[in-house]
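First chain A sits with chain B, and in the next complex the same chain sits with chain C.
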Partner chain A sequence: MSQSYNRGLIEDYGRWKEFSAGMWAWIFHKFTGWMLIGYLFTHIAVLSTAIGAAQGETVEVFAEDLPNVEGTGLTEVDIYTATLGGLEGLFIVRLLEVGLLAVAVFHILNGLRLLMVDLGIGLEAQDKSFYASLILTGVITVASVPTFLRGVGF
Partner chain B sequence: MSTQQQEPETQEPETQEAPEDPEMKGAESPQQRRLKKKQEGMVDERSEAEAEAEGETVHIKVFRYDPEVEGKQEPRFDDFYVPFEKGMTVLDAVMYARDEYDSSLTFRHSCRQAVCGSDAFFVNGSQQLGCKTQISDLEQPVRIEPLPHQEVVKDLVVDMDHFYDQMHAVEPYFKQEDLPEGELEEQRQSRENREKVKMSTRCIWCAACMSSCNIAAGDNQYLGPAAINKAYRFAMDEREDEEIKEHRLRILEQEHGVWRCQTQFSCTEVCPKDIPLTEHIQELKREAVKKNLKFW
Partner chain C sequence: MAERYSSFAPGGTAWLLQRITAAFLVVVLAFHFFQLHFVNHAAEVTFLGTRARMENLGYFLVMVLFLIAGTFHGVNGVYNALVNQGLSGTPKKVVLAVLTIASVALIVQGIWVALAMAGMI
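Up next is the complex of A and B:
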């Protein structure tokens, strides 16, 4: 609404300390939703560089650089293997994969919570279900770390 | 008996004669004398109260803004130290500050018992009814601001026009046209139906929910929780005909009606009357879907 002067951030996110569970759930749901859309397009862009793999397109790489290629020295592999291997060899990508899982799991769990809210089931427990989805997200994320970081830290 | 009646007789002439004496005007008008007496009394009272509650003061920071006075156009916070009393509410504190320290402090209040809905403030970062919020429950200093997302007229007074427009937009009145037969026949509501709309009838139009709603803040056309709750109260009332309910749902199912709600639960959180606003909005969403989706 139009203001005759600036009341500062109390109007919106400046009062984040006072946000209740439902508000946090809304913010996280939006945030994770945008993250997933961003990931989707990055995913398409990256994989489209490996389209040639179906036509038998190959590149020469050093086998030591890629975790998914056997042997030593300069080896000829198909472009898909090279792309994926190049990404999986980076620690930051492995770390981001853990983040992606956390984001996706929270979005799914909170989506289920919102489904319940839309159906009018357990509205009085909406804050508890938000906390539950947060905790469950944390547990699943932590449990996934050994799998995702195999070879680079575990 | 006789001595008791004599006493007032001797005192009365003194006070009644004084204002009629024309010569007294030049020296000291009766009004001035009364004011003086009152001030003396007030000073006594205040020092007494201060002595009683030594150190027991409440620190409140009150938002001040007055567009009509040159020096007050820049919003600021004024500090008041109000003597604490058991059971003191936020409204009591600002009233004390206004009565004793600064009579220009402006805010709306009327019934002081959470019925009129005039005194919704932004207290320590959340929308609360001043008369219903115990000051002892709050962290000090207590920040008292006007409701966010509404234009401030002066100090704690906000412009409620938009809120009232939204409330009226849902036609918040009983519209049944067919009256029951017989002159003294009543329009009866079943107990179950009354129970269903019970919470929604408690709305006092304080606008706390509207102010807390993040969506309503960014979308002026959104009806807002209070108006939708009002619509719920009538749409769910069985005594109204089906066509009237459909008419109500047609208003609600528009783009800026129930579908703007994104279930943040902010309104339900702040409602001083504990109305399950989000629940009512969600139920109306389902009603709107049921009305439009027909699989048979």
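Up next is the complex of A and C:
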């Protein structure tokens, strides 16, 4: 028979000081999951401007304001390019993208850890693999900052 | 011995599908980030660039599968999180219905967007 541990209800967040590594992994996975599904709905909403662009909908923008539009002065561009360029020109959006990367990388790495746990592989090291997920997420996120903030700070 | 602790029905297909989509998403989400932030840069994305990528049938199909797998995995995850928090009875049924409608709407909208990007509509 498999061995199990009764650590009490994890949903009782008030006792977070007693949580073990695996319980933190569970909470972080849940939190990052909420962020990612929330982002997916937002992502499709923003990308929906492609429907207007495909139908020839355009707007006038100042080319200098948009990182994805060449030239100078008032320029007519499709609504998709204008929307994405407008967002990517904002420092806060680039910063949020770094946050999204961190969230996605942790969810991927901890997800791999969970698939291993489900397969019964490396159960005795599940706490160590959680710490490894955290450290690797930090390293990948920091290493990506120059690429993500290019043109708005780097 | 602690009680069985899972929000999934024993032997359910949702449990298996959550893991199958997870294995697919690990690969495709990593590819998606790499493709649109390191190979191409998000700040340089234009409609013409997007169209060029989406006109490739293999890429188009992977993106549509990515949308469907991501929506199922994410919304099923939210549902399970709520069940874990003690959701039951009629509210559980209402939440399931709302999440199902939201998922279908997201997938339909996403496929419409993909078709527009690829120049198919």
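Just so it is clear, the second predicted complex is superposed on the first by the 142 of 154 C-alpha atoms of A that agree within 3 Å, B and C clash if a C-alpha of one lies under 4 Å from a C-alpha of the other, contacts with A are read in each partner's own complex, and residues count from 1 in each chain.
Please note the rule applied: a contact is a pair of C-beta atoms (placed from the backbone, for glycine too) under 8 Å apart; a residue touches a chain by one contact, two chains touch by 3 or more.
These numbers come from a predicted model, not from an experiment.
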Taking the superposition on A as described, I'd like to know which of chain B and chain C A:G33 touches: first, second, both or neither. second
Would you sort A:G151 into first (chain B), second (chain C), both or neither based on which partner it touches? second
Mind working out whether A:K17 is in touch with chain B, chain C, both or neither, as first, second, both or neither? first
So, does A:E97 touch the first partner chain B, the second partner chain C, both, or neither? second
Partner contacting more residues of chain A (chain B vs chain C): C
Which superposed partner A:A50 touches (first chain B, second chain C, both, neither): second
With the two structures laid over each other on chain A, which partner does A:D118 touch: chain B (first), chain C (second), both, or neither? both
Contact residues of chain A, present in both the chain B and the chain C interface: 1, 4-5, 11, 114, 118
Can you list the residues on chain A that touch chain B in the complex? 1-5, 7, 10-12, 15, 17-18, 20-23, 25-26, 114, 117-120, 123-124, 126-127
Chain C residues touching chain A in their complex are 1-2, 5, 19, 22-23, 25-26, 29-30, 33, 37-38, 41-48, 50, 67, 70-71, 74-75, 77-78, 81, 84-86, 102, 106, 109-110, 112-113, 116-117, 119, 121
State the interface residues of chain A toward chain C in the complex, per the touch definition above. 1, 4-6, 11, 30, 33-34, 36-37, 40-41, 44, 47-48, 50-51, 53-54, 67-69, 78, 80-81, 84-85, 88-89, 94, 97, 101, 104, 108, 111-112, 114-115, 118, 144, 147-148, 150-151
Chain A-facing residues of chain B, complex: 65, 67, 73-75, 122, 124-126, 145, 148-152, 162, 214, 217, 220, 262-266, 268-269, 276, 278-279, 282-283, 285-286
